[in-house]
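Below you'll find the structure, written out as structure tokens, and then a few comments.
Per-chain numbering from 1; labels A, B and C assigned in written order.
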Amino acid sequence: MEKRSARPAREIVVPGDILDDSGAKAGDNTYTVDGKVYAAVLGVKNKNQYGVGVIPLGGRYMPKPGDMVIGMINDIGSSNWMVDIRAPYPAPLHVSEVPWKVEFGDTSRYLNVGNVVLLKVLSVDEGKKIQVTMNDSGLRRLEGGRLVEIPYVKVSRVIGKSGSMIQMIKSMTDCRIFIGENGIIWIDGDEKNAEVAARAIEMIGENAHKGSLTERVKEFIEKELPNAGEVGE
Amino acid sequence: MSGTTDMILVDKDGKRIDGRMPEEHRAVKIEAGVLANADGSAYVEIGKNKVLAAVYGPRECHPRHLQDPTKAIIQCKYNMQTYSVSDRKRPGTDRRSVEISKITAEALEKVVLTELYPRASIDVYIEILQANAGTRCAGLTAASVALADAGIPMRDIIPSIAAGKADGHVLLDLNKEEDNFGQADVPLAIVPSTNEIVLLQMDGNMTRQEFDKAIELAVGGCHDLYKLQKEALLKRYGDGGDSDE
Amino acid sequence: MSNQVISEIRRDHILNLLKDGRRTDGRKVDDFRKIKFETGIIESADGSAVVEIGKTKVTAGVKIIPGTPFGDTPNMGVLTTGAELIPMAHPSFESGPPGADSIELARVVDRGIRESGMIDMSKLCIKEGEEVWMCFLDLYAINYDGNLFDAFTLASVLALKTAIIPNEQYGKGENKPLPITCIPISATAAKVGSSLILDPNFDEEHISSARLTVTTDDDGNFRAMQKGGQGSITLDELSRCLDMAVAKGKEIRELIG
């Protein structure tokens, strides 16, 4: 057996694995039977001061109010647009939630099928009906640039602790990057730089990697953009 | 279960035609995450059975009239590819596949936490690439792994295996010959943490004693399969993991 | 994101790169994605293959069964090809009988094999007018990322090339390989914007205005073609597609050996 590095190896659990039988509080993605806490999804066991839960390794993004998401208009109604945000449920964007005054039936004048939009999740009710909005600073239709899709569970890795990872990628590639909690990321910048940023993010989105992720991403960008910071080529 | 043969399926020492003893199951291989588009997938081999399962969901329920406002529904489609059996199967659905699809969905309903996704559908697709008895069990075993791979919340992972009887011996995991020429077939699926039965069928002729023995063998076989299902899922995400500062 | 509509950002990105002859995955316009294949993995079939072109993955199996010949060809074997776009392959695929897409795919694959004379049908006669060998070729898409025409054709060719006539099973003597005379290979080009690109992936296929599948034989002669899509191709584009198909056919033929 190899000597483990300083950080303890994460414990992967499958549905049905017992997480705690000593009365700990049940965290996310668990279920309880007779006071014992069991894993409900395939993921990493996570025990902290709030209880014991599971951080999922996969699965579909489930919207939470306040999440910033990137989606695509895939249908138009007379007073709303339907947005695909890669969630189990469709996300309707109502005419009252956009910065324009839209007449009834005039919706296609403002947004069309295929348009990509940066939105915020307004609410998710008990029946899982989702409402999204474009009425907040920074929210809008996105044009140009490129999109990268990663599993939503990897978004926190792309952001990094206190935003360290995404800041590093942004400054090394000099690109504008918007990260949707739903795993869709928009990148805009010089073509070669944006390509490198996209691939760095895809790298984070993929699974097996050993050692320090931050180091590997930094090395990758340095290798692809040796003149990072210099003007053009 | 209707053929007759001069072949000796189980000899006096209990040895079967493929060399196994009565309580042994066939060699098993399970791999999780084998398809790129599906939300979850698994490939399973049990003996000569080769089975592929894929899951999409939770997602919008189609057809809409099947939507349940209180929970997600599980829609399962089991299908045998035309060349999976020695007598070519005509393409398209048949009554046997419809029945298997139904009992598979029902078995999964018992463990999937469907109340978390009202109005949605969890779609499970099972394709049999090569068949050699016990395909419905292999299919359900693969489907369970695919559901876990898809990150769908469940109480437990469901293993499934059949036991039966041939030449008067109660056997675990019948192969094709034992199924065709034997005297009984008992497919079973359980929830490993509680031993609750979520799938059970029987056809043939068995005494109470023989049936109890068959259940005992099948439950044991299920627990063996469960370990392999779990291994396949753990293997999917590696064991070292990554670290970050 | 959504199943069939490609977002305008994706679309614009693809078109922009094509202006410089580049594609989103780094390929050149006439590059195929990585091709992987395995034959003979399904023992219940008389010939089988699994083919991957990039992320597109398909299975092919052939069952060879004695049957009655057609009236007008009493001493020739029969080939029947079917294809299914099963729901596991893509979130937009629905359950049900083969639709127009599956049928077109099966017929184009079948045409390439039939017109090239790949299977020597005259050697499949068991008893003239009464019994011949029937080859039932069935194709399944299990993961769809564009270009099923070439994936299905290649899988079919590999399954047939390695197929064994099951004489023993029917008491007709020793098993023998299916008599094969040549190896047809297809190459599909999609018209995206004003560019022609080979082996389109899902996104490229869904923003293309037209596609052309060209099947060539070992001599570089043409055996089957199919133009699809609601757009049109110019005579010059046709000529370029034919050149690409011959060159690519040669490459792929060498790859599969």
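The definition used in the following text is that contacts are C-beta pairs under 8 Å (C-beta built on N, C-alpha and C of every residue); 3 or more make two chains touch, one makes a residue touch a chain.
Predicted model only: the values in this text are computed from it and were never measured.
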| item | value |
| --- | --- |
| Topology of the chain contact graph, where touching chains are joined (line, ring, star, complete, other) | complete |
| Chain located farthest away, centre of chain C as origin (C-alpha) | A |
| Chain centre separation in whole Å, for chain B relative to chain A (CA means) | 34 |
| Approximate Å spacing (C-alpha centroids) for the pair chain B, chain C | 32 |
| Junction residues of chain B, two or more chains touched | 59 |
| Chain C-facing residues of chain A, complex | 71-72, 74, 84, 86, 113-116, 142-147, 149, 184, 186 |
| List of chain A residues in touch with chain B within their complex | 5, 7, 9-10, 12, 14-16, 29, 31, 38, 40-44, 56-60, 88-90, 127-128, 157, 160-161, 207-214 |
| Residues of chain B defined as touching chain A within the complex | 39-40, 57-60, 69, 111, 113, 117-120, 148-157, 191-193, 229-230, 233-234, 236-245 |
| Footprint of chain A on chain C - complex, ascending | 1-2, 5-13 |
| Sites on chain C touched by chain B in the complex | 41-46, 48, 55, 57, 59, 61-63, 65, 82, 84, 86-91, 94-95, 97-98, 136, 138, 140, 142-145, 169 |
